[in-house]
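In the two complexes below, chain A is the common chain; its partner is chain B in one and chain C in the other.
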Partner chain A sequence: MLNKIYDWVDERLDITPIWRDIADHEVPEHVNPAHHFSAFIYCFGGLTFFVTVIQILSGMFLTMYYTPDIENAWKSVFYLQNDVAFGELVRGMHHWGASLVIVMMFLHTLRVFFTGSYKKPRELNWIVGVLIFGVMLGLGFTGYLLPWDMKALFATKVGIEIAASVPFIGEQIKILLAGDSTILGAQTLTRFFAIHVFFLPAALLGLLAAHFIMIRRQGISGPL
Partner chain B sequence: MHRGKGMKFVGDSRIKASGKMSNTPKDYSEYPGKTEAFWPNFLLKEWMVGAVFLIGYLIVTLAHPSPLERQADPTDTMYIPIPDWYFLFMYQLLKYEFASGPYNVIGAIVIPGLAFMALMLVPFMDTTKERRPFKRPLPTGFMILSFLAIFYLTWESVENHDWEAAKVQGAIVDEVEYDETAEGYEIYQGSSCIGCHGDSFQGGLGLPLTNTGMTPEEIIEIAHDGRGTMPAGTWEGSEEDLQVLAEFIAELETK
Partner chain C sequence: MSNKVSRRTFLSYTLMGTGGFMASAMLMPMIRFAIDPVLASAGGSDMIPTPQKAADLTETPVRVDYTIKDRQDAWYTSDESNTAWVYKEGDKVIALSPVCKHLGCTVNWEGDEHKNEFFCPCHAGRYKKNGDNIPGSPPLGPLDEFEVEVIDGFVYLGEVIPNTLV
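Let's look at the complex of A and B:
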């Protein structure tokens, strides 16, 4: 049955090459922890992606309750945390996942660095990886404000001041992020929400696609 | 120049084959029987690693509910801010003299900017073919130094932050439910207690009057004799009113 459906689609769209590109390749021994336990260091990148997927899924469920305005943001999070079934679990996964993704990404970066995997021909993929690191930090920074509690507001104040100290364009960056040159309030919250939920995830997905396409094209770096 | 489809690679590592290269890794076909199909064999093993990881992740999530402080209050100027832990090293950097005040731009922009650019341009600075970390001491040394610096700054930041005070300053204050038509409430509104204990018993200069766990008799005694920083003889009303008020306060409990 499944084969028949596959054949029916394949006859029209020629999907076999796509399948071959995504899934049909050999995995070398030196990255396989089943053969060398120390190869677990090659799992960090995959685990980073795993947590990223969990972040996207849990984030989608969080937006079903979250309200990005200064009157209701905190109340909606409080309600989600204390009254919604499994709300505490979903928010907890998003909260801890945010830290885990940084940890795993850091470990992945160290693995790539110390195995010299960024060397020719993989320079471009290293740059894309560093950009992903930056986007992830941006997601952490913008997401920190959203619960609109005390630590969120005051940490963001510090962060915005740091952005404002950029020479020449600092003031413009500040207004772009906060929506105002002096107030950190309703505008800031909606902007951070938009950046956290739309702008940065879009950038992240694009960069991840580039990251993975390049890995498939170049293969994983050889054994040391 | 070699363009496009004519490129030849060595094994799966896709190092370009030139014949001259001394560090050409072994083709993985030289490990017969040990390569594995990605789908489904290797992906299933990866999923097992993922499952173990997920269990740890869920245990952390269940053991430590994610924190939520009280609702943001921009008028609170006493609040000491703290960023999320992975920004602590940058936060700590801004506390040093050479990176704060008039030199703020050094700690806020120049040092982080240089570090980020350096990380990004690593492949163009370390261009030798050698990949083993101990055979290229400079990149390895710089990375270890950076790691130690980040670790040290984070450590210092955690050491210097008053976590007990942070817990108090952010704590959610439970609102207490009470009957605003009660006689005790009216007496409270008309008394001097409100100056220190707050208009809704939340405390201020004095302690909150909720969840005291005291009997009315004990409350009357404190109203007369004081306790701690509260002076004696602050009650100026009648004994009957104090009795009613003490009974009212003894029953104030948060949900």
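Let's look at the complex of A and C:
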């Protein structure tokens, strides 16, 4: 049945070369844990991506209940966690996944560093990777405020003061982030929400695409 | 055995099975989370007091506005104002829902000069006094009814139920 549908579409649109080009590629022996178990260190990049997919999915579902408003943010989080079926689990996935994605990304960075994979001709991919690292930290920072509890509020106060310590334009950065020169409140929350669910994920997807296209172009770096 | 399972088929089934199991373990909680409102059971409502005295009612429907206190909408609590058309049929107090059964607008007693009828201004839906929809006008069913109780002389309204008069 599925094969017939596939053949019907393929006959008309010739889709086989498209997915072949994406999915069909050689995994060299030195990165395959089936050959050398120590090659599991090559899995951290893929694991980072896997956790990122969980983050995107669980985040999409959380916004079905979450309200980015100072009156209702905490209440809506409390409601979705305690009154909605599996709410604790879905929020838990997003909460723990947020830390896990940083851990995986750090391990991936260590592997790339110690195998020297960042060297010519892969310098550009290292740079894109560092940008992804920055976007991920930004996602962590903006997401931390959203439950709007005391921990979130004071962590963000500190974070914004750190941003304000940038020479010359620190004050402007602070106002840009908080939406107000003195208050960390209603406008900060809506801004952080917009940055967390629209701006940074869009940037992340673009950078990830660049990251993966470059890997396919250049192949996985050779054995040590 | 004529149709032996090849190594490739076995491996692809195993991989698909494991992958499918892992994907569903990930997606199942999220989907259950999303469809929770569909599966949630509607809580029965209490009898709500209205300012209408049962003794003041006649055979002519009157509009009764009342307030449902502390109405819970997920994380938001508010007082909700509601309306019913109430009249007396012999000794029995009858309260009809003003929500038109066509597309949910609000009906009026004798609106737009329609004598002795409920009238919906949106698409000219018409109902008899007992809520029965008049054939040839848009509604496909009669107006809903409220559960009614008279306590200490005042009309109390409960859940909305399908019309029992028609």
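Note that in this section the second predicted complex is superposed on the first by the 206 of 224 C-alpha atoms of A that agree within 3 Å, B and C clash if a C-alpha of one lies under 4 Å from a C-alpha of the other, contacts with A are read in each partner's own complex, and residues count from 1 in each chain.
The rule we apply is simple: a contact is a pair of C-beta atoms (placed from the backbone, for glycine too) under 8 Å apart; a residue touches a chain by one contact, two chains touch by 3 or more.
Note that the structure is predicted; figures quoted are calculated from it, not measured.
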item	value
Partner chain(s) touched by A:Phe86 [first = chain B, second = chain C, both, neither]	second
Which of chain B and chain C A:Pro167 touches, first, second, both or neither	first
Partner chain in contact with A:Phe78 - chain B first, chain C second, else both or neither	both
Partner chain in contact with A:Trp126 - chain B first, chain C second, else both or neither	first
Which of chain B and chain C A:Leu57 touches, first, second, both or neither	second
First (chain B), second (chain C), both or neither touched by A:Leu177	neither
Partner chain(s) touched by A:Val158 [first = chain B, second = chain C, both, neither]	first
Footprint overlap on chain A, comparing chain B with chain C	54, 75, 78, 89, 93
Contacting residues of chain B [partner chain A, same complex]	9-16, 25-26, 28, 31, 34-39, 42-43, 45-46, 49-50, 53-54, 57-58, 60-62, 64-74, 76, 79-87, 90-91, 94, 104-105, 108-109, 116, 119-120, 122-124, 126-133, 136, 139-140, 143, 147, 169-170
Residue ranges of chain C in contact with chain A within the complex	26-27, 29-30, 32-34, 36, 39, 74-76
Chain A residues touching chain C - in the complex, by the definition given at the top	54, 57-58, 61, 64-65, 67, 72, 75-76, 78-80, 83-87, 89-90, 93
In the complex with chain B, residue positions of chain A that touch it	23-30, 32-35, 40, 43, 46-47, 50-51, 54, 70, 74-75, 77-78, 81, 88-89, 91-100, 102, 110, 113-123, 126-127, 130-131, 133-134, 137, 140-141, 144, 147-155, 157-159, 162, 165-167, 184-185, 218-224
